[in-house]
């Protein structure tokens, strides 16, 4: 049964495994100080368009978020995010586990705005309340939407004007940057945020996220942070090799583009079948709203998550495509959707 | 230049990479709930000789230690270890980072005894001092020594008699269990400790440690702990596949045995050359004491760590062999040692 | 200028200072093991109507909350409270500072219900989200409302049925228990919750809160917790003497009753002047909604906090009475309110 | 039975209680923003001889230490102290509870030196080990010794040269500054350290420590820290009034001087009786080494702590004098010592 549950169901893109095989018995320095990690960092600096950033390769998203956020906050400072933010909902209190409150703001489309953050600042005036200090955004967001260049620039300007750090969770940054509606580049992002990460796990790597630290004040001693949180990989070169491959010949972007293309076919087909979505996602996560009976019926052919109840008779499901999704699976899903829907109409 | 710096310089044993390639495009459940992880856990239960243990696959040693230790301590409780213990020295305060003091006891051979732990308990009598609650041992230890069955049994009996948890760091457990002097088995260990881990990173895997929780009281909700510390791997099956391979056809043990055999040749050669060791290690880490000039001279041919100064004219170096160490490298090292030593004698 | 800002503006009730003077030069054991603390604990056990509880005297409310909550949660577990809960809003992230997320639920009257908590449990199903484990309530609440016996019993039954701890913040418990609408007793509370505290700071003491641990599973080693968080008072007898006095001859209750009586006069007067309240408080905190101009005018005669804007032209203010509030101050406030309001009407 | 167990057995110096009585019913601002706290801070600035320091009044020593230390360290940074340091031994892991390792160095007289700290720095070279960042000293130390001006200046110069913060725990600073051997002043200390505290609890206050932050980089937002750790006193004026009194008419110094004078008589008497001491203390803590039988015999007349076994037949005891110790008690102790010792000789 084909699964649209997530974009990390398969192993790695074959080019990555080949590269690992190719150098498998060559000795490397430990802890990310090897030639592959150094080369991958250079490739990413090239893609970002600047040399003055620090790159650290980490294993997973929650790990990267807790490291980045706890590295720059004092004990009484808080991170601000959307209610749907991954750090607020799906990290089992990992940020609080490092001692910091997460202030979650209601944002219908999963995106923060200067107005939302300003209201949060105004509500936190003195030492009896936490001090909002870091703004966390995801691109694409947890509900598939993306930030436009203007939106991210506005948020960036607000943060700089108010002494706030801006951090971007790029678990699905590939999908965001290669979707049709996007007007942001890696270079734009580096110019607007203090730190961000480029997600590998959900875009063709076995694992791995590349944290990019732009703000010089946040660079110092970051490797101590990594080790202190148990996040330093002994064989760091395994991450390095993967990012070398992802950032050679545009593989990172072409994999994400494929995921988006598969999602676009899915989106169009679902719309043609007469259904709407919980959010207007141009990326590789779609949230169709379907009749409960249809959801149940579809589950006989495909795996996917039920996101939430939309109303008494409808459920929001989540469909995720990836670099590995075959077009046949997408067409088969739409075929099943139409057939089963017609069957239920009778 | 060949490196004896550590046992994680190369990729994975070829069988592991082949297994990863073989199933690369098959879809798996996320987060360690896949068939490979479940199968690997069954294989390990078989090797341990009991079904009533919980197995969790984690990425690295420091991560595993901080998770295991912080999962079972209340805020005022401390972990007890030898002064040389990895958690005391080489984890950048990761245990303290979870809120717990590490009480480090002097132990010449890197091993704790009931007498040492008892003295520590006696020195901590009331609520003005931390409460020692978990005893941390490594096998093999950080200086290459191993626990005998009698030693570990004595420590286990003491811990049970005093309400202490006993946790064994098995980063190099393969080497310990397959060395000539060993009389412990995985099954013995499971019968004596509350938790332990079987190290994959230093024995042929790309990464990965298998945490085995024996004490039923420590099993509950451990997956919440993993996620809370940012240690849950999205593609958990990548760890699962590796341990499936390691625990099929005895690969885990044969890899470790090879490392030990290479170390034994090295040890004999160093002794024949007239040098002694900082510790009496039967495993894959050796700590020869060499004249400073010889150390400097050898560094032209080989990479290794300088461990510490032994006296004004001598240095302790660390030589580590692994599953991937070719016999030629070992012989070449001994040849270089003898030639360079002779040259310096003239 | 008289202040209605809070109930901790003055020193201690004279009987308390006299008792401190009386025994000032007598030597005592340190750290709360003195005869006064032991006697005070006995008096409180008598007032609570049971011997099988543990009593600890602490300095302040945030300290007591963070100690109580962090003493019984594992790292991935969360506290649940109302959006207005003190731990959510006014403790500068103290609970998160101990590693735990606070899940804040919308509750118009500041009170949690089984339905609210159940919805929270349903939304937290697996290890990717925190595990709600402790329910935090305040009585009186942060907006002056109180729990009825039926309400607290229902919440208690729900918590017990779902393996949740129930903790009651009694910073203003005196006011709650002595107000006209109350039907709860100290003994009822001890029968329904796992832990609660009886607030002294806001009811006539220089400082001090008496934490009552009812659930036997939460009693063990609590003194270690106190010291570990820096909350153990060297001269613990200073707290003990105060609670000895508060729980002799009903002083604790008579002080709270006075505060409530002063608030009742104030409430009636404000109502007669034609104004309504943000919450229906029968206790010593009132939240009148007044025209902005009137608020500004009143601030020339009295100190109080502006709580929040009610609408474009109105502000919610907070008026707090205490054991030390003279009736003259209350009457003078009402007089000023009426005169200034009349002036503004012209 | 008179107790020499500590210097916090009695209430407060009568002048302090009188001051509290005098202003008892006057209303004050909350949270240390009252006129007494502001005035006390001015008085302390005067005593320290500079206006450019920040003063915060806290309740106890462990609380002050954990606040000061955790306010200026990043997660991977450690505090360095002597093995006997209060934060290492007698704070139940409070510093580790905030996430930081304590590196304890052997120092026979309880005092750190540049050489000791330098060796610690050299042993911590890279990101696999914690980063020593703050040096913690106590004056007087936990074994009664004091720092000379030259010693503290040397340590200060070393710390400044190596980017380390220097923090002085002044729980018994009054005794240190008023003892015969002392050549340091409050003003000297402020010129040499980054932060220090002036202890009130052990020198005549009901409770209270005055934290003095000298380094401008450590001042920002410290009140947020206080609240975040649950250490902000609602009735902060109760601490303020006490320090107003202590720093008026030299009360702080005269109380400490009395304690030292009582200790000096005790010391001379013990020496004349033929006994030696574990440390050469010129302050109000003495550590005589007595025959076990004599210790047991003395315990029939006086309370004191047994510190440790000196050898098979001798025990180190701790005798503490205070502002409240009557000369009669001291003479009575010496009398008992001599009589009982003579009795045992027969």
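When the chains are written out, they are named A, B, C and D in that same order, and each has its own residue count from 1.
The rule we apply is simple: a residue touches a chain if its C-beta (ideal position, glycine included) is under 8 Å from a C-beta of that chain, and two chains touch if they have at least 3 such contacts.
In this text the structure is predicted, and so the values were computed from the model without any measurement.
Participant: Greatest Cα-centroid separation from subunit D: which chain?
Facilitator: Following the centroid criterion, the farthest chain would be A.
Participant: Go through B-C and C-D and name the pair with more C-beta contacts between its chains.
Facilitator: Between C-D and B-C, contacts are more numerous in C-D.
Participant: Same or different interface residues for subunit A and subunit B, judged by whether over half of the residue numbers are used by both?
Facilitator: Here the answer is same, because the shared fraction of interface numbers exceeds one half.
Participant: Per the centroid of Cα atoms for each chain, what is the distance between subunit A and subunit C, given in Å?
Facilitator: 42
Participant: What whole-number Å value describes the gap between the mean CA coordinates of subunit C and subunit D?
Facilitator: Taking the mean C-alpha position of each chain, the two centres sit 34 Å apart.
Participant: Roughly how far is subunit B from subunit C, centre to centre by C-alpha average, rounded to an integer in Å?
Facilitator: Spacing between the chain centres: roughly 51 Å.
Participant: Two or more other chains in contact with one residue: find those residues in subunit C.
Facilitator: If we look for residues of subunit C contacting two or more partner chains, we find 75-76, 91-93, 97-99, 127-128, 130-131, 224, 227-229, 232.
Participant: Report the residues of subunit B in contact with subunit A in the complex, numbered from low to high.
Facilitator: Subunit B reaches subunit A through residues 2-3, 5-6, 8-12, 14, 17, 20-21, 23-30, 59-67, 91-94, 97, 201-202, 206-207, 224, 227-235, 237-238, 324.
Participant: Which bits of subunit C are touching subunit A when the two form their complex?
Facilitator: 75-76, 78, 89-93, 96-102, 127-131
Participant: If we count contacts the way the header does, which residues on subunit D are in touch with subunit A in the complex?
Facilitator: Residue list for subunit D touching subunit A: 31, 70-71, 74-76, 98-99, 127-128, 130-131, 221, 223-229, 232.
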